[in-house]
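Pasting the structures in now, so scroll down.
The two complexes that follow have chain A in common; it is paired with chain B in the first and with chain C in the second.
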Partner chain A sequence: MSTLRSLTLTLLAGEIGARPWRALIGVLAIAIGVAMGYAVQLINHAALTEFSRTAGSLMGNADLEIRGPRGGFDETLYPRLARLPEVAAASPVVEVEAWLPAQRQTLKLLGVDVFRAAQVTPGLVGRPAQPDGGRLNLLAPDALFLSPATLAALGLQAGSTLTVQLGLKTVRLRVAGALPALGEGLRLGVMDIGAAQWQLDRLGLLQRIDLRLAPGVDVDAFARTLHDILPAGVVAATPRDTLQGTSSLSRAYRVNLNVLALVALFTGAFLVFSTQALSVLRRRSQLALLRALGMTRRELLRLLLTEGATLGFFGALLGLGLGLMLAAAALRYAGGDLGGGYFDGVRPSLHPEPLATLLFLALGILAATLGSLLPAWEAAHARPAQALKAGDEEVALRRLHIPWSGLATIAAALLLTQAGPVGELPVFGYLAIALLLVGAIIAMPQLAQAVFGRLPLARRLPVQLAFAQLVGAPGRAAIGLAGILASFSLMASMVIMVASFRQSVDDWLGAILPAPLYLRATPGGEAGYFTDAAQQRIVATPGVNRAEFLRTGQLLLDARRPPVALLARQVDPRHPGRRLPLVGLPLVPGPEESAPIWVSEAMVDLYGFRSGRLVALPIAGRSVTFLVAGVWRDYARQYGAVVMQLNDYRRLTHDRRVSDAALWLTPGATPALVAQRLRRQLAGGEQVQYLLPGEIHAVSMSIFDRSFAITYLLEVVAVLVGVIGIAASFSAQALARTREFGVLRHLGVTRRQISAMLALEGGLLALLGVTAGLLLGWAIALILIHVVNPQSFHWSMDLMMPWRSLALLAIALVAAAALTALFSGRRAMSGSAVRAVKEDW
Partner chain B sequence: MRRLLPTLLLIGLSAFAAPPAYPPVTADQPMHFPRDHGVHPDYRSEWWYITGWLRTERGDPLGFQVTFFRSRPALDETNPSRFAPKQLLFAHVALSDPATGHLQYEQRGARAGFGLATAAENDTDVRIDNWALRRDAAGLYHARLVTADFTLDLVLNPRQALLLQGENGYSRKGPLPDQASFYYSQPQLVVAGTVTRHGRPERVTGTAWLDHEWASAPLAEQAVGWDWVGLNLDDGGALMALQIRDKTGHRFWAGGSWRHADGSVQHLAPDAIGFQPLRRWTSPRTDAAYPVAMRLQAGGLTLDLAPLMDDQELDSRATTGAVYWEGAVTAQSAGKTVGRGYLELTGYAGRLDY
Partner chain C sequence: MDAHASDAASPVLSLSAVSKAYHNGRARIVLRNVDLALQAGEYVAIMGESGVGKSTLLNLIAGLDHPDGGRIAFEGQDVSAMDDDDATLLRRRAMGFVFQAFHVLPHLSVAQNVALPLRLNDVAHGAADLRVAAMLAEVGLAGRGDERPGVLSGGELQRVAIARALVHRPRLLLADEPTGNLDPDTAAHVLQLLRERIRASGAAAILVTHSARAAATTDRILRLTPDGLVPDAPPTQIGP
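Coming up: the complex of A and B.
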């Protein structure tokens, strides 16, 4: 038995030693899959850990957080809550995201009552830089305390001044000390609450009240009773809700990245499958010998699976290392949200979790083992006597056919596309894509037989030989076909989806930016605005024909969800389509009906705000009924947006400020000229951001292209799969057909003719694969566009077929296939014709 | 001169944009009651300070302190926000139980407003959340303070007339005329109520002393701290004595009053008062050495002050900002106890800086 074991090891080592590149490709593919998945997990874990840590230091000992819209709620809620017997301590908070003109960035400023914050969120009590008299600074109207991260990032110290934009004016604040209790990663500043209300223009308003409850009070039950006390649009959230909301922010994005990682793993498994299938085929006689020498089927199966698992182990190990590097680089250059913009002001660091690390190691090994399962099973079940003879390879591959299961799988996939999301994730959409892919691969050999069986008889010899070969032994081509199909369909679906998305965003930008010049009161944050006087000044500026104003705000409709954007602007209720990229026909409300709102597609999915429904929105602390008069497409706000008429907003809130303006110019006036006039004539005009639609357009599109960069990596992987699949397939065929080539040479067929035959075979095979792949890719793209995207991100898009790119890709793949086939065949023909025929007989 | 503690926090080194103008304390403003029981928000600082001895039903002695401070910080008062810190309120509550061996205390601070922290102008009625001190129409004081360790619920009944300190309430705190405060005391308050500890209420009775003082001037620049004592004498008399110490530890200013059992008041000139340390106790927390036992000379009277227990140090850095010793003491004459009261020792844990 020990001889058998050493023989086994020799065979194994010999196989890997003889063809290291083949093993290496399998290892690499597994590594890429593991690296992607692991990096996404690491980055997200790091971001969430940092976020919960900072949220922890912000929330302190608070049991409940009373939150309202960004605009704030009436401060009289504070004494009402503070007096409740269940409340041990209540700490009111003013919160403003302010623009720092000198630093060209925003900073979150909190106003707290130090006496109350000390009881609930001690981390928000500043430490004055001066040891003694400086304590008065905790209450001083111009004193600001900055977190260590802010001090470091802005290069400030105690005694420095910081200029903050408010309206179109600026306020100078004095850095009086630090917030040493806050984590390293958090950027914010704290001032006295009275000072914040006054200086930051929030008189009478609070954004938050942190509550610490008396011992023994049931937090959840108390939160429910609060529901009746709180004004509309104000909610009570536990720290758990807050964290959950934050985590769910990036969930869809994360899941999509994880699916890409899964695709890479699947690719790895497929590559392991194709290399193992080939390698088993090569060693057919050796393996049969092992069986003949007394090795049982089970032992042989275990041996071959161990081979696959070993590849998987090394691949996964490599992948973990790569993933760690990838995650570190991504955190460094893109932040914890991979450029998704979900975690603001948080600088996380990596903390690999042992459990997740083991999980990804196991996933890598599993994928490789699964990939080698089918070839191993087949090899273990071959009859040794027969397998020792030549010419048995086609039988081996035929076993892999499972008739009709392919069509059944495809049918199941089509059914799954009709299912809704699970937990707001397109689980069935992804499953449908996977099934579609698997089904198509299974059905491919039958399709090949049907198509090639109908090929006409050809006169020329190489063509005839190639046709005969394709009809005669389609099983041999199965691996190559599957590779081409999988790679081209994934590639095509991605190209179609991204092109459709890009075109839709392009069109959308054109629709939402009709004016030649836009003004924004501040480049960032929420503290900048145009007063009534400034608005009149803008309208009266020479060169301005007409101005439309926009007021942005936020509505909190659900404590567990991010707030919804509120856009109050001038919209003609009879022709809302002139300003909004509507989906479907709008309703025109009668004069007696409730005021109209137009909602983004996300509002329909998340809140059920269907066109024609009457809905209640919390405006200025009251619940107001509106008619949903239309649905519009919004690629900018994933969590929902509501448009209402500026007049309705002003009537309900008595708030006349606006944050943006769109300007139409008189003939002859250029945007640059008008911007220059406004900069000079408007008080604070230098704070205003002047935007041309072309610039916004270009910036938006470049952001779009950057965020889809990762899909290009996937496309590279897909091409690799295709080429390797063909290479593996033709290597196997060349191996099996060495004798055939020998016979052909004996019959007088020239090497050139055999080469032409091989290239034609490869090309035809690839053409079939590409054609089927295009069809499959189109189907997958439809699922991505109509199921996965709306269910993940709540936006729709129009299908656009990028024919040019698709055709180029197809031609490239077919050419590569022909060349690969040719190259593989050449090697098989390099031996002498006589020896090739003699072998084994 | 008692208890300028809140000023320690609130007189900053810098004043801001439009600092308030504090009215000066002068000798020509007679007190009016009950109006002057209430708050005087224009002045820089003010306090109602109750200290006293209690006895439980089992006969165990306890010392207690209930204090409400008010302060008008030197900040710009043009801020229209309802949160603007124009008036700040602080409170301390402490219990001295020899069985515990150290002072149990809790402190609070809040800006006045929103009905959560208030001080009434017409009579004594000051509260921070659920801590309250109130004088009712019959003149009885009601103090109720709930802390994590204990709850005090006391009614204090004045059996004697108010004792106006200094010249009809104008109490000098230094050689300059504006170094003064308005100051009256209510000695010999009869206390009844409950002290609840570990969920068990105990009935208590005792005798207390209330001070109400308001002022605008800060402590003189030369001063480091002060020693103050208020004693309810067993014969019905009441004695208050204080000295302000300078950097060398010598007396910078002194004063006091002795109301005899027959009601006649003897005002004590600076040189009629002497504090002589008999024994010092060093705080293990701050290393401050407090003269917890003193020999007091006042108006010809010689009394030995002995603490109920040594560790009655109060760290108020979280609110008013000072570390000081405020403790129950007995007054002995020729080895015989003749009165009980409270001794306050400040400026021993580093200079009181402001």
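Coming up: the complex of A and C.
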């Protein structure tokens, strides 16, 4: 056995040594796929670990977290819960996301009762900088304790002051010490709860109560009994729920990235397949000789699979290194969510896991081995006597065709698009895309035959030869075709999907920003607001014709899901379409009916809030019934948003504060002029953010582009893989045809004529591949737009064909194909014609 | 060894009533009623018109293809009844091949090419190296083991192929027009070498050829006709 293995190695080394480029292409193809997959895994893992770590240090040893919306709930709930026999300790928490005007960023501030927190969440108890000031310092109304990460990020130390915006005013807090128990990744500040309620304008309100239960109490059962005690909109969540909530936040996004990485790996495997298929084809008589000399089928199969696995091993190794670098760079420049905006305030670091690393190594090897399986199987089962003769290659390729299976696979793919999501993931959508791709690849030889069989008879020799090759060797043509098809269709589908999405977001922004000037009480966080007086002041400002106000809030409908956004604003119930980008027709409620709400598409998917249904929402601690009067498209809040009339909100909550205003101006007044007046006349007007729709638009689109940066990167990778694939298949074909070129040269065909023939072949092949790829890409884009996106992110979009980009890509690919065909042909012709004919193989 | 060769009762290779037809579209009978008995150490030539089925016959003997009728026995074993793996192992151990197109692997050195059958037969490296060196010396290529096949001439390539065919001491050597690609002088040299080496190894051998001069280097000449294998006609028919 050992000598047979060394023979395998000798043959392998001979083949790789003789064609290092071919081997390198296979290695690179696998490396790219593994690198993408591994990088995505590393980044996800880093972000999630950091997230669960911070969630863990925040929750301390709390068994249960009583959580309310951002607006808070009545603090009298605290003594009622603390008195329950099942509760061993309870710690009330005030939570505010505050804007820091000097640092131009937000910071999460918690107010805790030091004595209670010490029992439940000791990590939130600050350590004073001066030990002598001790206890007093902890309770001082302006004392603030910052986590190490915050101190470092803001460049503060004990004794510094920090300014926080509140309403339109500012409050100065003193940094009294640190929170050493919190991890390096978390940005957070803690102050005394009484001081926080007073300083941060949260009198009588709590956002959270952390509970530690008495020994022996069943946490889940107790959480269920609490359900009846808690006011509407307040939920009891276990640490498990909290973690699940944060990880389900970004799950679809992460799965999408993983699938893209797998696509890269698939393309890599496909490249290995086409290079291996052609290389096995070229060595057909060599392999037949080995069989004649007494190598069994199994041994030959093992030899060729070892070859593939070796390429896979080195590719995977290279890919792991590349992936590590890619992940480090991505974390550095885009953060743990790659610009997706899911893990704010968390700075993750990379921790490669041995298991995942091994998994991707194995995946790389597997992909390459699978890629060489079919060609290897064919070579092992070829008849040696026949394969020893030249000109037998098409026989081999014909055996790889399975008539009708291509169309059957495509039909199965179309059926799968009708299936719903599995566990909120578009599993069948992805499967449909995979099947569509595979089916189209299988159908390529038939397509090649059907199309090239119709080529007209040509008079000029190079054209005649090129046509003859395409017609006579459809199997060879199909291998090159399939590579072009795979890469171009994936490329085209991404371009179409992203362009459609971008256009839809663009239109959507136009629809939701009808006013010429917008005011926001604070650039970030939720502690800024316009009082009633400020609102009247705004309306009365010269130049302002009309103002519409918006109040944002939160609704907690499910402990295991992120909160739903509540938008209370002025909407005309008879014409909601004037302010909201509606999907479908709205209902107009009669005067006796429940108050209307309009919900985003995500609400329909996640909570079943269909148009026409009566639903209960927790408003101000009470459950109120509303009529779902319409569904609108929302690209800003993936976890759902509910719009209600501002008047209804005020009637139910008696809260007249608002967070935003949209201003329509009198003729002649410019937004700049009005903003200037407001800045001067409004108390605290310099804190307000003045936004022009154009600016919001531009910022939103740049955020969009940033979060799609990773897909652009993948597009570049797809282009690269496509071009590499074309180069690989053409150079392999040219090598295999060295003898044919030699014969042609002997017969008096000039090099120039052979070059023309090759360029024509390459160009025609690429043209057909690109045409078929465009069709396939369009179909995949339809699945992405109408199945994958709605099921993953709960939003719809309209199809838009970016013809210009597609045409440019197509032209580039066809040109690249013709050029690589030409160059690889040149290389194959560079030896003497005599040698080429004499050459044994 | 001579005693073994004269033991007419147990030929190395015996074919009885072998027939073969190809079916593409309609059946085309290529071999019909072929009988042959080959003793150990015997060297025969098979001649015949192009397309009469000489290569087909060699493929059947090597177990690369199956006959439609008749029996092919190698050292008493029925080759035609073997499955692919058994036939392959038999070829590996007991047979050697020389082809018209030399089929020397281009990426392996001359020595590595010659060593192929030894490697397949699990011969230890040290022993294999000695054997390869000796074999190369026997075919007149001493010291050229490290060269690449690309630099060798046609005659040299065929000598490498002969070394490869005999290096593992096969009991049957099959040569299909080994000199078809060579000029007459080189061909004569190669044929002489082939004969010498076969003699020295004691193997039985079949040489398929179109050339009367080549056939004359063997012990016995047979002619393949559509009706079977017959002894060659008297020399008067060979030509002017």
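Rule of thumb we're sticking to: the second predicted complex is superposed on the first by the 755 of 841 C-alpha atoms of A that agree within 3 Å, B and C clash if a C-alpha of one lies under 4 Å from a C-alpha of the other, contacts with A are read in each partner's own complex, and residues count from 1 in each chain.
Keep in mind that, in the parts below, a residue touches a chain if its C-beta (ideal position, glycine included) is under 8 Å from a C-beta of that chain, and two chains touch if they have at least 3 such contacts.
Note that the coordinates shown come from a computational prediction; the quantities given were computed from them, not determined experimentally.
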**Request:** Check whether A:708 is in contact with chain B, with chain C, with both or with neither, and answer first, second, both or neither.
**Result:** neither
**Request:** Give one of first, second, both or neither to describe whether A:664 is in contact with chain B, with chain C, with both, or with none.
**Result:** neither
**Request:** Applying the touch criterion given at the start, work out whether A:383 contacts chain B, chain C, both or neither, answering first, second, both or neither.
**Result:** second
**Request:** Return first, second, both or neither, reflecting whether A:92 touches chain B, chain C, both chains, or no partner chain.
**Result:** first
**Request:** Would you check which partner chain A:778 touches, where first means chain B only, second means chain C only, and both and neither mean what they say?
**Result:** neither
**Message:** Quick check for you: in the superposed arrangement, does A:113 touch first (chain B), second (chain C), both or neither?
**Reply:** first
**Message:** Let me test your reading of the model: by the given contact rule, A:295 touches which partner, first (chain B), second (chain C), both or neither?
**Reply:** second
**Request:** Return the residues of chain A at which the contacts from chain B and from chain C coincide.
**Result:** none
**Touching residues (chain side chain B, partner chain A) in the complex** = 9-14, 16-17, 73-76, 79-85, 88, 108-111, 114-116, 129, 318, 321, 353-354
**Complete:** Seen from chain A, its contact residues with chain C in the complex are 1-4, 6-7, 10-11, 14-15, 17-18, 285-286, 289-298, 383-385, 388, 838-841
**Message:** For the complex, give me every residue of chain C touching chain A.
**Reply:** 55, 59, 62, 64-65, 84-85, 88-93, 95, 97, 99, 101-108, 112, 116-125, 128, 149, 154, 157, 164
**chain A residues within the chain B interface of the complex** = 75-76, 78-79, 82-83, 92, 111, 113, 115-116, 118, 130, 132-137, 139-142, 192-195, 197-198, 203-204
